[in-house]
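Here it is, the structure in full.
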Amino acid sequence: MIDRSEEKDIVVEHRFIPRDQDIDDEIAWAKINTDVLQSMERPRPLYWVIFFASLLLFSWGVYCEIYQYQNGLGVADLNNPQVWGLYIATFIFWIGMSHSGTLLSAILLIMHADWRKPIFRFAEAMTTFSLMTAGLFVLVHLGRVWQFYYVVAYPNERWVWPNFNSPLVWDATAIGTYLTSSVVFLYFGMIPDLAICRDAASGFRKKFYWLLSLGWQGTDRQWANFRVAYLTIACFLIPLAVSVHSIVATDFAVSQQPGWHVTSFPPYFVAGALYSGCAAIITLFIILRYVFRFEAYMTMPILDKTCRLTFAIAMVWTYLNLIEYASVWYGNDMYAKQALIYRATGSYAPFWWAMNILGSIVPFALAFKSLRANLKIMMVVSLLLNLGMWLERFMIVTPTFAHGYYPWTWTNDWWPSWVQWGIVIGSFGWFTMLFMLFCKLFPTVSMYEVKEMVFHRKSSRQAKK
Amino acid sequence: MSTTAHTMALFNDFDGAAIALEELRSRKIPGFRMEDVTIKSPIEHPELSEMLGKRPVYVQVYTLVGAVLGALVGFTLIASAQANFLVQIRGGRPLVPIPPDMVITYELFILCGVLMTIVGCFIGWKLSGKRSPLYNVSISVDKIAIVVKADRNAISEINNIFSRNHSLEIIGE
Amino acid sequence: MSLSNLLNNWAALRETRPYEDQYKNSDYKWGMVVDLDACTGCNACTTACYAENNLPVVGKETFAKGQVMHWLRIERYWGDGEQLPEFPEQGAQFLPMMCQQCEAAPCEVVCPVGATHHTPDGLNSQVYNRCIGSRYCSANCPYKVRYFNWANYPEKAWPNPLEMQLNPDVTVRTKGVMEKCTFCVQRLTEAKNVARTQGRKVADGEVTTACAQACPASAISFGNLADPTSEVAKIWKQQQVKLAKDHQDKEEGARGYRIFEELRTYPSVLYLERVRDNEV
Amino acid sequence: MSSYSNISRRDFLRVLGLSGAAATLAGCGKTSIESGQETVQSFVQPEDFVVPGIGVYYASTCTQCVSRCGVMGRVREGRLLKLEGNPQSVISRGKICALGQATVQAQYNPDRITSPLMRQGGALVPISWEKANQILNDQLGSASRLSGKQIAFLTGEVGGHQSVLLNNFLETFHSNHHVVYDPLSTAVGRSASQVVYGVDQPLLEIDKARMILSFGNDFLGVGPSSVHMAGQYARFRKAPRGVLVQIEPRMTITGANADHWYAIKPGTEGVFALGVAHALVQHSAYSNGVPAEVISALKAYDKETVSAITGVRAETIPHLAGMLWERSPSLVLSGYGAESHANGQQNAASILLLNLILGNQNKTLTGQAKQPFPQLLPSQGSYKAFANLNNEMSAGNIKALLLFDTNPVFTSPGFMPFAKNLSAVPFKVAFATQLNETSNECDLVLPLLSPLEDFGTHVASYQPQGIELGIQQPLMTQLYPQTRSFGDIMLDLLKLRGVSEYKNFPNYYAYIQTALIKSKPVFKSGLNDQEFWEDALSKGSLRLDVGPSTLSPKPNAVSIAKPKEEAADLILPFHFVPSVRADWRDGTHTNLPWLQESPDTLTTVAWDSWVEIHPSTAEQMQIVEGDVLEIKSSAGSIKAMAYLFPGIHPDTISMPLGQGHTAYGRYADGIGVNPFKIIAPVYDEKTGELAMHATRVSIRKTGERGRLTKDEGATNLQQGRKLVAMVSPDQVNLSKEISHVVK
């Protein structure tokens, strides 16, 4: 859909940048604007391939959901005791995915690690959209989805309220809060850039950006308030993110099921969340870098840092994972122990071993500089890591149900139906679709922050001289 | 017609703007007050804004109020809702259980905190207030602007100062 | 006014259950005794349950998927260990398993909408209209005795004129809600109403569940634990099992026990151990 | 029993089916049809005593099996909702089995026939009753020339006034050709107990026994009165607790409840019994009273020989003998399993001999009360009579065949060409509530009321306590106007035959009402006729409290042959033991959804047929659950999925009877396979009955594998949980316990 003539006037200049340098600080502010704005105008053809592919997957998911809605959850081949299947597993997966954005953005912001600046915007977008996807699964898994609003504490004449004891209600609150806050955070941090878009755009898009940029003129008062507010929200987001996934963890840790009733679940979940999130960031980093020609901003040194961060988190997760096994093993609770042994040796053992290998062994690839420098390898590795993380969630849900307290309902050969797979695949389509739309509509690289980055680095370099 | 007028000068970099500001402050021009100076810049530059004197930010206050209220109101609402729900024992737990309510209270604490922060910031921006017409798209690219509000008769002198400090462009009303 | 209510009844709102003599002053606390020594595994109780509670017949395919709806199932075990004996020389071990109506029910805590909760007469009730089908209760039930409507069963289960058999006192459940054994609550309610109109309490043996009524070996007995003179109350007492205890200190010779007592669910169903002569 | 010789048709009392104690009656009572029909509600104008929203209970009698339990139906707004046991019946004692409860689904079955059907061009088409009656008149009316053996009535074990009318109808053709076919007939057992005790079916006082030694007797499952016996069993288990030992090749429900269960080679039960007898008569306490020749004959049955033949450990024999010694009175039972072999009667007799040696007669084993209504007793089925009929048919001697309450095309063994012979019969009438494999082949199908819409009288062949004459009354108005009572149709047929005595009876209801009121003196009732009748209706039964009669056994009637080991069969290495599910029986009830959906309690399989095979055998043959096996006998072969079942002798495989229907409605068709079709032609030497458990088969893995529809999960063990705890009697104090068993 893009013809060659247009291709020509996009030039990605290749000049020498010291390897240790996150970004070329000689880059002109004007160029930053043009590069980023152009990315919204004309991405590479691959963009459209990805977009329509994801649209296709999404529509397949929608079909499956409609089918399930009509015929009841039976078509998902769920049963007693396999009541949740892939839905809840994938729900946790997406919730986990959503944590990295906050991590990169908020924590690194507070730590003044400015290499975050070129990449935090899409990370935050990822947070928002994966949360939306996770929300879908809450609905999809309901038997009477048309009655979902019963979970909301809305005033009603009969004084009927949700059951605030239920972790699911905690979930609803936490996810609601997290979604709101991260949307606010994403949008708020984007206002100065929206002003840039406004100034550059014309026609109805100008109106659109004019509305969103809330009359931003970059005055000193605006900047001052902006800085404080942004920092404050960041401070809120960190504990919030932690709370969200520990609450999701309580869905399981609070229940009676052997294999779920584990004290170390909340930290374990949080670590897993950050882990899968970072892996996803690497994936998207590589994709965006190519699709939007961001070689000058999403540079290898930044990728390198991200990978190192991921490796660190992977090790934390591995540790907590082992701790969980150990505590179950030495806890000497017969039921939990049986469940653990079943996971390692039972009919789902292959997935269990795959999960451990992908989650704890494969990340060592991130420990080698040479490998970190290779985009293709990093792409594969990051995808593998996320596969591992998805398997982790699968292991948490399915084998536990298969081997609970009650032997009569033990099941060895349970397997989800095509409907479940369809909806899971559809969710990936939905996520990618939203994300790609976002990239087209909004600046994926934060222009003003990159300007700051360049500015400060340059001045500090001159100061050194 | 009003006695005051606005003028805006564009500068290439912060240093130029800084010198100009310095001169504005040193030269005691009648009908001109430093408080009326506004800087418009593509990125934030704290040092520069300091030259304009203290301009306090009240966002944190809103945050504090929001967070505290969120927590208190949150807990009260939940607890009284539970107390009012047709008395239903669940799993032998108390009708008003503390730990679960704490979880939700915590979330509301954060939610209201965040929202009030935004509100505070918007108020700080005097949102929906009139924006000054003196603006140039190049500000969002790489130029720094100094906007001054002063008596009409002071304007010409101020403009001189700007031009002397080789500002790229001076825009009046 | 909510706030005042909260403050005035704080103590009551903080009460934790179960506790000793919890039902001392209440009229009813329904309980059950299943004598596994008498149970012959004849399926009469399960069929009675189907007839009384409008349980749908799901058919072969759905049954194969594990989506069968028997509120009361007869389990058959060949041994208590992890090894199958060459011959089951002491016969099979049958276990009629239905909702245990736990006093501290794991299912009640986790339901997001409060569709399942505890009634004053000690039943674990399920409000179909309120249920949104999150199935968390089933996930958290150690006995796995909650059954979910995986499809719109009524559509196929009762082709005309079979639907004429449906018990008008019991709802026919729709797609997407959770259901389970109710101790035949419709019978209990009717009996209580009759008794109330006559200004008395329900007498022992006046009302019983469908399974208990059918059981040819009278292995199941049902009654009011709050009434110390009732048969079940006597059996519980004689078997030295206390409702509010998670560990029973009983002397030699009593064979009453509750399943998964250590999980502190405090079930209302008392099982009597199966007696088998080893010296044979 | 079906013979009905030298009846003088002018004997009015006989017409009413009253004889014996009731034979000396006179006078005539007025009949009030209305009064009887008040027990039926209509939707339109509920009777005064019908309170909408309140369930009303009416007593009746269950007709699902031969037990004839008293039941109550819960009726609301004219709809029958549920059946419960009738506490006023000593047979059911207020209890009811799964099969009984499922009668409701026979009543509301969507596959019931709602009008007469006639064969036209191969297919059955609905016709009016006028047409049907005309056909009947043409074929069986007074003009009909049929006589004697040319007409035959093939039924199940019908009893009460139905059989009276039926036989009186045949009588009008000078025929007594009423053939009763019960594929699971207990004829062998009856004959054996005739030999030993001189009675068909002695009374079992299970609760009085301190030890029961049962050779494949499934009294908790398909016993003569299983609901009653389950109650007795419960009392038997209370202090002083009795011990149940079950010896059988394939575990029955009863075996599953035994204190000890022994797997034995099929057909060698008698040998084992004689082994025990041999061990017992060593002691003088038991030897006296036993004829010398018996004792000498027993000598051959030393425990080693017996163990070699039966495959049960030798030391078991003295051990059991010792226990029987200690725990007196005991009760030794022979069961269907032991009796269904070439040496069936021999087996049964040898087993019953143990009772004589142990002196159990008139303690735990007594005779039934004297029966004042012998004519109302259900006529007992026998395979031999059925086989003779089949021969007559193939010889073309049968011109008209009437079928009621039986499905021979489905239940006849595969080697017997019954279906073919049936199609050759010129006129075939089926009385049925629902089409089945047999009625499908008939020329005329007459739609019957369901048992819950009909009147009837029943005298169970097994009377656990005194005499109970069960009264069956409609529990609701008939669903389909075109359906009719079997009794009514028989009356019409008798009128067609121009039998004058029946003119006074407008319908079957009036007939049995008169008959029962006439029998009033037998029950020594002080009520007037009307009260007596309504009292009977409301109670659901007429009771006569007479004690059991004493048994006078004849020990020397038992002939004891030399023990011989049967040769191994290399081509057909396995014994084939078809199992009978208490709620399916011979397959008459597999059309009821509840019974299909309720898993078999021993295997937990539902909606299917399966092959039970011992895990060790399966291991040798590398068979796993779900493997489709081909079971091949000399008579045919069938395919079904394997289920590894520890409760079976390793040389034996078993399949449930009742599945494999092809024309029995939506719930039965296409489910499983029909093992009747591979039963080999082996007969009991003494009685000539078909030996159902004597078939030898081979197994072949077809290579296909499926997934059994079953309730149990990945394990059938408790995995260390305390679910069903087992204790030995010395660990518990039963005497202190509060027992709540209904007495």
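Order of writing sets the chain letters: A, B, C and D. Residues in each chain are counted from 1.
In the analysis below, a residue touches a chain if its C-beta (ideal position, glycine included) is under 8 Å from a C-beta of that chain, and two chains touch if they have at least 3 such contacts.
Just so it is clear, the structure is predicted and the values come from calculations on it, not from any experiment.
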Inter-chain pair with the most contacting C-beta pairs: C-D
Centre-to-centre distance between subunit D and subunit B (centres being mean Cα positions), rounded to whole Å: 92
Whole-Å separation of chain centres (CA-atom averages), subunit A against subunit C: 44
Interchain centroid distance [CA atoms averaged], subunit B/subunit C, Å: 63
Distance from subunit D to subunit A - Cα centre to Cα centre, in angstrom: 68
Multi-chain contact residues (two or more partners), subunit A: 160-161, 163, 165-166, 169, 405-406, 408-409, 411
Residue numbers of subunit B (touch at least two other chains): 81-82, 84-85, 90-91, 93
Subunit D, residues touching no fewer than two other chains: 707, 712, 717-721, 723
Those chain pairs that satisfy the touch definition: A-B, A-C, A-D, B-C, C-D
Parts of subunit B lying in touch with subunit C, wherever the complex brings them together: 76, 79-85, 88-96
For the subunit A and subunit B complex, residues of the former touching the latter: 28-30, 33, 153, 159-161, 163-166, 169-170, 173-174, 176-177, 180-181, 184, 188, 192, 195-196, 198-200, 214-215, 217-229, 232-233, 236-237, 239-240, 243, 247, 250, 448, 451-452, 455
List of subunit C residues in touch with subunit D within their complex: 36-38, 40-44, 46-48, 50-52, 57-60, 63-64, 68, 70, 73-95, 159-162, 164-168, 210, 213-219, 221, 231, 234-235, 238, 252-255, 257, 259-260, 271, 273-280
Residues on subunit A engaged by subunit C in the complex (per definition of touch): 71-75, 77-84, 141-145, 147-148, 150-151, 160-163, 165-169, 172, 251, 254-257, 401, 404-406, 408-409, 411, 414
Complex contact set, residues of subunit B against subunit A: 38-44, 48-49, 52, 55, 57, 59-60, 63, 78, 81-82, 84-86, 90-91, 93, 97, 100-101, 103-104, 106-108, 110-111, 113-115, 117-118, 120-122, 124-125, 127, 131-132, 135, 137, 139-142, 147
